[in-house]
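Below is one structure, written out as structure tokens; the observations come after it.
Per-chain numbering from 1; labels A, B, C, D, E and F assigned in written order.
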């Protein structure tokens, strides 16, 4: 039995330099489709859930490409509407070793960022689903984005659909307009049952600093969030230590109101693609939540799925349930 | 002895589907740098002339890529300034057979289109040169573009530098703002010594139709242009018949005040890349003009260079003077 | 308003040599997903129709790949079931000039070919649809294939859904078992409203030769088919003349009981991929039939869509309705 | 002076996803030719030995490809016969980091697996050679495979040619038919002078468990094998610890009746291709045996050659004798 | 029954720009192995003959590459010796349309060109063969090359092996040293039974001009050659008309002392690779000669095999006997 | 304010196997332009300096390619002259893991190596510059190379331009002719203000061994060099420990007459391309020297720039000043 989930957010095209090249050295760019919420949708669909994406894309070949990639991942795209306008893009200069990858956003003025709540039929898209997933990127896009996120949240509340909210704080986006991120985000969080975010995100929401690396600080932050947001039931987060572009160390944690599970740290080497790994974490956590599992299972699946995402190219995690279940942090030889 | 030329215009990145793929089928896009005036600059540099490009590019990897490609073509880029902002882009869905290629522009709001005459030092860029080349694309970008083109033309006039103006009429651009193309373009043409454009361009400029395919109509149009624009000395144009995406038939023509040369028509098959072929035609014509050749030589070189451009990928013609001189419309076997 | 269509048949992986290489010269093979009925489904979905595919694929990565590609084309894959077993494959050695492409089938014993009618829920898959499309390949797979095709046809009859049957006669498949193709195929044709096939297919069905190239012979064959199959309303066919691997000449024809429309012949040059062009023809014809158009429109759209298919790689035609409507047999320049 | 060796076994085509992609993400597959015994043949040929392969391939382009690749490696293919039928295939989904690679076999019913001893002229193929190499994969293919392996072994005995037998136990293959692997394998081992296999393989052969990681257990297993198989002179094995898909630790060991040599463990990082590394180990061991070297040299060369194999793509090790001799486990900078 | 042939000549590496790119646009070059005589060897081996190549290559990876490619084509490389030194190279800038491909040779001072007759064991290489094939390229390499060609011819005469000599006149090579091509070539031709060359080659050999395009002139030239070279039995030649880089028209002809066969002209379009097509012609002619066929069959097979070579990449024709026998100048659809 | 620098040396084409392939496995080679001094020029230009290259290239496409690549890097190529002759080449067989990369030089007899001082206008090229950079490769090319290096040094002395000399000792080159490297190199070093080289280079120059790994030995060597070369002000060097092909450990050091700065050692993993990293070190050191920074800044920038070079493909470091300034040896996550 799989869970029905609706994700809401923008779909972007990623144009990345191949072979660890600098942009100045590249005569072709790898074309990949992503976007935080679409990535979560793709991950959940790859894990066997029925998932709808609510989004808006430009009319024409670029929008066709984005829609096709989302459908290829097994996501229902009937709620992806189309309109004239431009596609949201980002460029990726792929790093290696001690040269970090770098992203150049070119998403301003996209069809999605310019749309209004009336362009979406949230009620239909939420009919019969068990979860709405959205993220802090949509409100960061501007006043229109805030209205979109608020409308989605309101519709979910009306429909009695629980909400998962991924902080995904992007300073660049919030700074590009006359914004008040704390007010907007805490407003949206009032309705959230699940939060994807760590103590830094909570610091930001509550205007109180919970910096530091100990488990105590993390629990302190979680307690504060549970107090501030009465509907909140779970907080899922990762802790990432970057050694170099291909070698990270990651641990995961899920806090509930009455407990917490912190995983062991995993050495992630040979990283193929780091983009979308946070969204894969969310998908792994939600996968177990939809199965009714406990917080330990949520944290371990989130960790496993994000680690597996590092091993494949693209924004979306396409790894299936079989590989998730077979995951071992101590590696394994070729499977015959 | 080579001629010193200054070209002024926007540089764009082209993102094209490889292998005749539709966008929806493409997992990578070929990255090429172009732009009408930069293409003319590259062609003239490949033919051995000293050429400067005056332009403006975004700070960052995308602008670096564009600057590097222009420099690789042998063009002096010291007058290409840099500023924060976005890069002008266009996407190309590559056609084949009876499916034409199609272009999706995404150039609105670029650094170049948002710049003002004060951002350029035209006087320095025109110092000691024998020709300024610009096109009708710059004024089509909007009121800022008009101001840029007018400022460039005014500077050339002050410096006594002859002007070559390529019509390059792009209805989509002109239609996207409250424009009066005829007024703007005829204003700019007042200062032109050389025009790249056919009887349809002249019709558009003079508000008088010279449509039809005979040589008489073309001469009639040329006569009207020479009358309307007293400084105009040469009008260079091509006539293109499209059989399919890889097979065109092209002839060229140069009109002077007292004569005309019309070339034979050439069968152009196995077309590798049609984009930039008009700019290669301009480069071929100007190459001979800079050498002091007559209109027959101008027309033949323009034709040969545009035909050769069809045989190589990319917006810029990188074919050298040796191949131009060795060109034969009746083909040739492998050269050992 | 778009038509709801159900297609039933096997999905295959195609492994093709790139760059006109011989197999012996290839270090990689291009991987494409196809199959006659899936191709028709993809074409109709690209043209805006709601289409379901009924099929069966192996559990595991190869089946995942096939399902994903069908979904990417916009086809509903909820009726594509999965089972342990092998994937149907074919290898393609890509030709050029006067060296024809050649196909090596490796599809025997596939999950689909080994399945039984009970493995499919035809009633559900046909609920609310306006057409069932299937082809002569399924019964050619063996006794199991015959049972599958017969069950699909029977279910459509029970549901009152009209049937389109594409002859797709593959001698190699029929010859590989103790088969009686005429008996099987005429049985299936008893229920068909639309037939995709020419006078050679009809000759084969009726055991009467209608060979020869004149329009009279074609009409004679059509009359015989209309007499033999009382439910048959339309016969759609193409006539293809092969000049070389990249240059064919194609005309199309649709016969109804009281009329016929024969198109002009189109020169198709620069052929990128010939595989799946017959399926694109069927999709073009059915597209107009679903729109309620007349036989002239059906024949012209079939011709246009098959010609456009030759211009893109892959088995499935992904060209959209816009390009179909803009099609011109006299070519066209880059669209800006 | 190089040794003449005959290898007997099936040649397969490998179709692998490129760039650490999942199958579902791949639009092309890398085509490589391999097979355990062909890989040993290629390794020995690359190291300067004269090697014949005895095998059977399908008529047509796929068989041509396989034969050509074996010949390209310097192996004599005159004893590779051809017959109608299908090619043995396997698909490889290439792993990375903590996602292991996985193999999907599609080799059932291949021309080789369906052949009989009469299809091969073992006597001619063994004329004048110093060693016959075969493996436990051939008998695992089914009753036909058992007959093939037994016939090859019998012919070698008749010709007085020593036999090297690589266990290569593949449970999947043995489990797919009503097999008795221990009886078959111990029968074949009766004639072996050299065994490639570790204490787990010996456990399997003798029905006695020698599990555990100490050198003592390994020697105990070797002693048991030497007792069970009177003609056996050398047992060569590796011990592999998998850290992740690109990082293994490997040591090698050769036991003789009166001694053993165990190498130090080598850190193998940056693994390019793990497939065929066991066969490269066998080739390295046999290379020194053919040169008349002692067990220490055999173990060290086996280790070095398997480590070097990890650094190049493809099933076959193509590294030459110069690189083998220059191998250093402590790495080395670019050689100029 | 296949014929045993020995070919003697240099093997080169070809480095070609991909995708019709200019060298200045290329970031990779396609690596192909060829050389006139090795190409004939590969063609004959692909057609089922047993062929040995006598040549000399540098020690190291470049020589290994060349040897491996020749072996991959099925040619016996045991007479390809190795020595320290440089590899002969050529670069190819791939043309398209009306831009011809151009070759840049970089073969001076290669291991082969620097070798002496003592470096080869011609007697062993000619033992039991029915034909020695060599070409005018070897003597053109310099005094050492002349000595090599003369030694090969002398050895063939001693062994009673008929000689096929392909003119392959390369002015650039002959002009680079103080050469007397006519003296050298007529000397070598004294021993030839078969000549590959047209009336222009004969003009050059005899110092008498047989230029002009009629069949009469060709026969006149043939008669003169038969008179000048008493052992000569067959003269095989092609007539090629170049329309553009991808479209040639070719006819073939074989003259014997008492007759001639001239084929119809074939339209060769969609040319993939023109290099090596002359060698494929020779292979096709010799294939039938080895089968004891008449001059009509020799000419038709030469024509078919050269036409087929145009349809595949690489210097060597790898097309097999099946495709040669199935060749049709009127094209053909996909073979299933 | 940027510094004006002139670099003098040969430009080479590099032809490298892709994807960690052996040469024998490669069907294409990656084409890259480099050369020790051109690499330093490109690095300095990428860091914002105005740099001229003085060199000589063959007429034709290969020389065009080299010139274009140098210009693309932002280097002024007006002092790169052209002449008939051959291009200097090198082949790279790309290593992985414990298989080192290996280089095959094919540069003998190149246009540059055959040129004489009169072919260059050193006076013009040195006009107004603050530094001349050259290396020990030029004199190693032969007597002509020695004359070239000596002429460049003499011209710099006449113009009062300080000289940076990079030892770059290549035994293979010096050993290929009757050379006396110590005499030549110490002669050139008499004029150097900056030396790039370690205690081993100094040992070689002074005929005194300073081997060993301690900082004391390095300072001892530096003191000896400062004594031997009175104009010498700075000695910059790296110490590299190779773990495997993708993992090195590097530290840097700059000695002045009255002090030294030794950096911490950096772990460099995921190495993409090791070639040219020494030249990037020189560029980083000179970048800070041109900015008037102290030896600590010189050493740290040299280290950072060489480490960054390991993360991008190609001989030339194209990393910009922004990335250099942001470099952190403790890595960093994706920059958004």
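Observations on the model:
Just so we're on the same page, a residue touches a chain if its C-beta (ideal position, glycine included) is under 8 Å from a C-beta of that chain, and two chains touch if they have at least 3 such contacts.
Note that the structure is a prediction, hence the values are computed from the model and not measured.
Where the sister copies chain D and chain E meet, the same residue numbers recur on both sides for over half of the interface positions. Same interface as A-F, judged by over half of the contact pairs sharing residue numbers, among the pairs A-C, A-B or A-D: A-D. Seen from the C-alpha centroid of chain A, the farthest chain centroid is that of E.
Fitting chain B to chain F on CA positions gives a rotation angle of 180°, reported to the nearest 5.
Relative to chain B, the chain whose mean Cα position lies farthest away is D.
With each centre defined as the average position of its C-alpha atoms, the distance from chain E to chain F rounds to 45 Å. In terms of their C-alpha centroids, the spacing between chain C and chain F amounts to 62 Å.
Within chain F, residues 22, 24, 27, 64, 68, 72, 102 each touch two or more of the remaining chains. Chain E meets chain B in the complex at residues 19-22, 24-25, 95-103, 105, 170, 172, 240, 242-247, 274-275.
If you check the complex, the residues on chain B that touch chain F are 64, 67-69, 71-74, 320. Every residue of chain B that touches chain A in the complex is listed here, in rising order: 15, 18, 22-24, 26-32, 60-62, 64-65, 68, 86-87, 89, 91, 93, 102, 104, 106, 108-109.
Chain F contributes residues 72, 266-272, 307-308, 310-314, 318-319, 323, 327-329, 331-336 to its touches with chain A in the complex.
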